[in-house]
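In the two assemblies presented below, chain A is common to both, partnered first by chain B and then by chain C.
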Partner chain A sequence: MTHTVVNIKFWDKQSPRMKELRFILKRMKSSPLSIVGLAIVVFFTLVALLAPVLAPPQPNRNPYMIPRYGYSPTPKPPNPVNLFGTTEGQYDLYYGMIWGTRAAYQIGVLVVAISALIGIIVGGLAGYYKGVFGEVLMRVTDIVLAFPGLILAMAFVVAFGPGLNSITVALILVWWPSYARLVRGEFLRVTAEDFVEAAKAIGCSDLRVMVKHVFPNTIFPLVIMASLDIGSVVLTAAALSFLGLGAPEGYADWGQLISLSRNYITGAPGNPFAYWFAYVIPGIFLFLFVLGWNLLGDAFRDILDPMIRRR
Partner chain B sequence: MKEDLEETLLENEQLKVEDLTVRFYTYEGIVKAVEKAKLSLRKGETLGVVGETGSGKSVTALTIIALTPTPGKVEGGNIYFRRGAGEVVDILALKEAALLKIRGKEISMIFQEPNAALDPLYRVEEQVAEAILAHRRAEMMQKVEALKPKALTNRSSLRYRLPVFKRFSQQKLLRRVVREEILSLLRTMEIPDPERVVDAYPHELSGGMQQRIVIAIALACSPVLLLADEPTTNLDVTVQAQILDLILRLKKAFGSSVIYITHDMGVIAEISERVAVMYAGSVVEVAPVVEIFKKPLHPYTQALLESIPRPGSPFKPLPGTVPSLVNPPSGCRFHPRCPFAMEKCKLEPPNLVEVSPEHQVACYLHTAGE
Partner chain C sequence: MDRGLREYLAKRLLLIVPTLIGVTLLVFAVTQLFSPVERAALYIRDPRQIRFVNEIISKYGLDQPFYIQYVSWITQVLQGNLGWSQSIHQPVLETLLSRFPATAELAIFAAPITIFLGIYLGKLSAVKKDTFVDHATRALAVVGWSLPSFWLGIMLLAFFYGGLGMFSPGRLSPWAEVLVRSGSFKVYTGFYTVDAVLNLNGAVLLDALSHLVLPVATLTIINMALIMRVMRSSMLEQLGKTYITAARARGLDEKTVINKHATKNALIPVVTLSGLLTAGMLSGVVITETIFEFKGVGYFAARAATQLDVPAVLGFALLAGIIFVIANLIVDLLYAYIDPRIRLG
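This part shows the complex of A and B:
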């Protein structure tokens, strides 16, 4: 048998994937806010990746521990040695910001990824096997959801002992139920579709139907939620750090750096903004990080959500 | 045990549904979707199943491949099925593992909405390959083995010897073999330009083309029984005729028996050899297709035939609506709409009785003597 196989290559203008990509680019171009969001996220990603170049750590030292320039409690304003100045205890703010970005990414990505994984497993099983089994899973989810997230996370951190790892675990324990709910809803929607029935009718096992046909059709809302959540996770982690439940003193962690500037927010007598750099700089980093991910998440929603997108 | 089942089917029977009862447990009550339905299908035969929406046609079909939609439960009855090798099994008594080997391989299904029956995320090639690899992997691997020596002689033979690459190369060969298989299958489906279609996503194809793909998936493993659930209802009339023609010819080529579900009497006349009429979950009449049209016995069948609009004659709709299946009428479920209803009809449902050779009906008008 000889026949010409017309293979549409991935990069051909007419290939569906390429069309989709061009559609996404068009959507992003038409909305300036999504460009801003993307730019912010790209900036932070680069900072996190290039941290050892931007702020070289001292050899044989945990790179996340901020170097100190003296022991005086009063923050020092920006100067050629300390670009962003120093905060209480003479910790270098510039170094703290750069390595803090890495710490923020670590906690944000880790918490969101593991929560999403737990959510996919629990929500997927509950959505696929309806009935008593699914109900039990969802009621467990509801119990966790019934507690105020921050308070429950605090309780967990206190129980585990303060530290960044405790914060990560505590946030995962608090965060997964919302993913379980989302995934269950999506599984309920997709399992009602005919192609799931059709897949079963050709002899696919339940596992195969779930992994190959149901899950890939639920991925868009999951991507949207995950990108919106990275910002919130980092914000919540910063809140816990601010309350003194986070990393040991001197660890490059935005929440803690804001916390260190707490005593200087009112400034010096006669000059209320004397120590502005100590709280404004970490605050701006945190603010921009959350804003960037939120804008990017919104952009994802505009692009991916079938209810909003219009061709 | 096996011998017992052997006797339940006649020599030439493919499938027998006995007293099938399916109920849906919903908040509004128990929906008695299928009540003591009886069907039998001979080898190589096309059985048309007609009935209004909600008469239990689709539920019956889905139950035959043990995929009763939730919250439905099979409450009674047997489905005897003669497997490809001749062995008779009761589908309802089989374990899930055994069912996985029957679904798609020996019984497969064509769905009503071709657009919805295909997963939007996969290309046609991947979807057809799934069916082929689910049941014919061994056969495909044999073809791969046959191809291998050729591949081994060329200068890149190392690829097939190094364990790391071996698996990868084997996967590539398998894909090539399966693709060939799919292309020849699509040619059988009379799909123009199959090389383009295999690489397309479902949304890039027309409804008729999508339905051909669905049929290709259903026939990928040459099933002995094909369940077609209104496969042409959502298609244009011209495409409908092509698809019907295709199903008829493929059925002969693959030697499958077909259960064709529809509410369109015209399609029934076109495609089936025998017809089963369902009303509110029960089979009310079974007869060869010519007899159904010439000599319908059950009042519901008569009304159904009269309600087909014809030019020149007044439109005669069937009065009343399909009864609620939560609270179905007592006795014969058709009696509230039946012009010939008797006292007896309200008390006890009539049985399906053979009144003349090949012609069974469940109505006291014709079985009064028994």
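This part shows the complex of A and C:
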């Protein structure tokens, strides 16, 4: 049997990767909701990247601390100086929204990335070597997952002392088990395949088999889970901030800004919605951010999940 | 009960012991972040005991290795001593028990509505796949799933309470609160709606119900989304199976095929979710209770957390963990009952 070596470059039209890319784009185009999700995520990513341009911080000042315009408690409606108005304590809402986007990305990406990394290492080892270690790991994750996430995170934050760092660590502690479970399951599935057996037979080291042969086949479910989790992580972090367990007052944090508006929901005498901007604007930003990521995650799942995709 | 089910039941009940040990170990591990003096608060029943901190430390072995400490701690927990809550000036267990009826009342109204609506809309969405109804319900699901519960609560309060003067926060209006606390109103269950019926007091019943509207609506909108999603995909999966084609080929009308054949099987994954959802609501909905000042377990936990009242927060986490373990057990047993493949496989 003759064996021709086909050397296909990545960018060739016929290369499998380009085919995959074209397929993904085609699927995205056919689903309006994923376009909306993508647009929202692109918008927020640009806002986060361009924050220093959109809302220049004062020099020698922590850019995440919102500038104040006076000390009166009552929120001020939108005006030329404060585009979105100010909230309780005269914190500028526009500045808070822009830098809040960065803060949301920081906590969302950090928590998901570290949880996924821990999950990949622990779950991968447990799935590859099986045996007692895998069983013990599953029992540990069972226990963490036996608690409602917000409540366990709350207990951790109280134990560590309030603050953004505590929230980040607490959320990682709550989130990694689901990644470990996912990766272990995927490793169990993939290591049973013939090509893994073949790789072992030609003498690949365990590490090489894991990294080069098994891991690439577990990427899709990981990407789906991670993209669906960013919204949930940001939502949970905002909930903890809302309860007053997060950043110090005045930090660009959507959850905290929503909580600052709580005293003003009944409005002013004769004008019940006098302070609408104080609760509507931060809420819209948080909601759209989470919505965008959830829609995008859904789109990824529709495209990448082999059970759902149909060519 | 057949033998398979009995064996499964025994196995599943045995499994609960290590899980409960794990759950308590995790809560206990959190306490290890504190110094022995701070930890002593977990063993105090009365603030006057603070003078005897050193005695407490040596009595419960708070300076001993963790396994000795764990045993002495779990002994206390089993005796119902969860420590003293600084923020509420009461023993933790007493607070949890006295606030539980409020949380349970909320769950009793919110859970069935959420589950029923979620199943109904999810099924509708699947049966009418790719029509306008399907797109609308799916959009509703993703919106509900992305809405921050605290923001939704604030918006509902701003509109109904701030704007229209309806549905004030709290569990009762001030006049009803006074009446309930007076001697003429007998508290039987702590559920104000039930107690109002038992006292034959229509005004209090209406007042209690009107205070339930917004929190129940918030919980329903947020949680319904998940049930809808699972029901829709499960229903679609069932509708694609050959037994459905077979049923149609036998000439059954579409209504019977959907209601009697597909729905029954599609409901199986929804059972787990509904169980966990109910457990989540019973263990205290921190955010919703806080926004609507609905003074249940979750409201208490949120207040305690902001005041760094460690024993109260840990007691609350422990309660939530135990409720979840029990809910999981009930769900698994229900599963075995519904789906013979589990107990026989």
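Quick notes on this one:
By our rule, the second predicted complex is superposed on the first by the 304 of 311 C-alpha atoms of A that agree within 3 Å, B and C clash if a C-alpha of one lies under 4 Å from a C-alpha of the other, contacts with A are read in each partner's own complex, and residues count from 1 in each chain.
Quick note on the criterion: contacts are C-beta pairs under 8 Å (C-beta built on N, C-alpha and C of every residue); 3 or more make two chains touch, one makes a residue touch a chain.
A quick note: this is a predicted structure, and the numbers were derived from the prediction, not measured.
Applying the stated contact rule after C-alpha superposition, one finds that A:K130 touches chain B and leaves chain C untouched.
Shared-chain residue A:N217: touches chain B; no touch with chain C. Of the two partner chains placed around the shared chain by superposition, neither chain B nor chain C is touched by A:E20.
Shared-chain residue A:E197: touches chain B; no touch with chain C. After overlaying the two complexes on the shared chain, residue contacts for A:S205 are found with chain B alone; chain C is out of touch.
Looking at the shared chain after the overlay, A:G267 reaches chain C, while chain B stays out of its contact range. Judged by the number of chain A residues each one touches, C leads among chain B and chain C. Shared interface residues of chain A (contacting chain B in one complex, chain C in the other): none. The touching residues of chain A, when paired with chain B in their complex, are 1, 3-8, 16, 130-131, 193-195, 197-205, 212-213, 216-217.
Across the complex, chain A meets chain C through its residues 33, 139-140, 142-144, 146-148, 150-152, 154-162, 231, 235, 238-239, 242-245, 255, 258-259, 261-262, 265-267, 272-273, 276, 279-280, 282-283, 286-287, 290-291, 294-295, 298.
Contacts from chain C toward chain A in the complex involve residues 18-19, 22-23, 25-27, 30-31, 33-34, 138-139, 142-143, 145-151, 154-155, 157-158, 161-163, 280, 283-284, 286-287, 290-291, 301-302, 305-306, 308-310, 313-314, 316-317, 320-321, 324-325, 328. Within the complex formed with chain A, the chain B residues making contact are 62, 65, 67, 69-70, 100-105, 108-109, 111-113, 116-121, 130-131, 134-135, 180, 183, 195-196, 199, 201, 204, 214, 217-218, 220.
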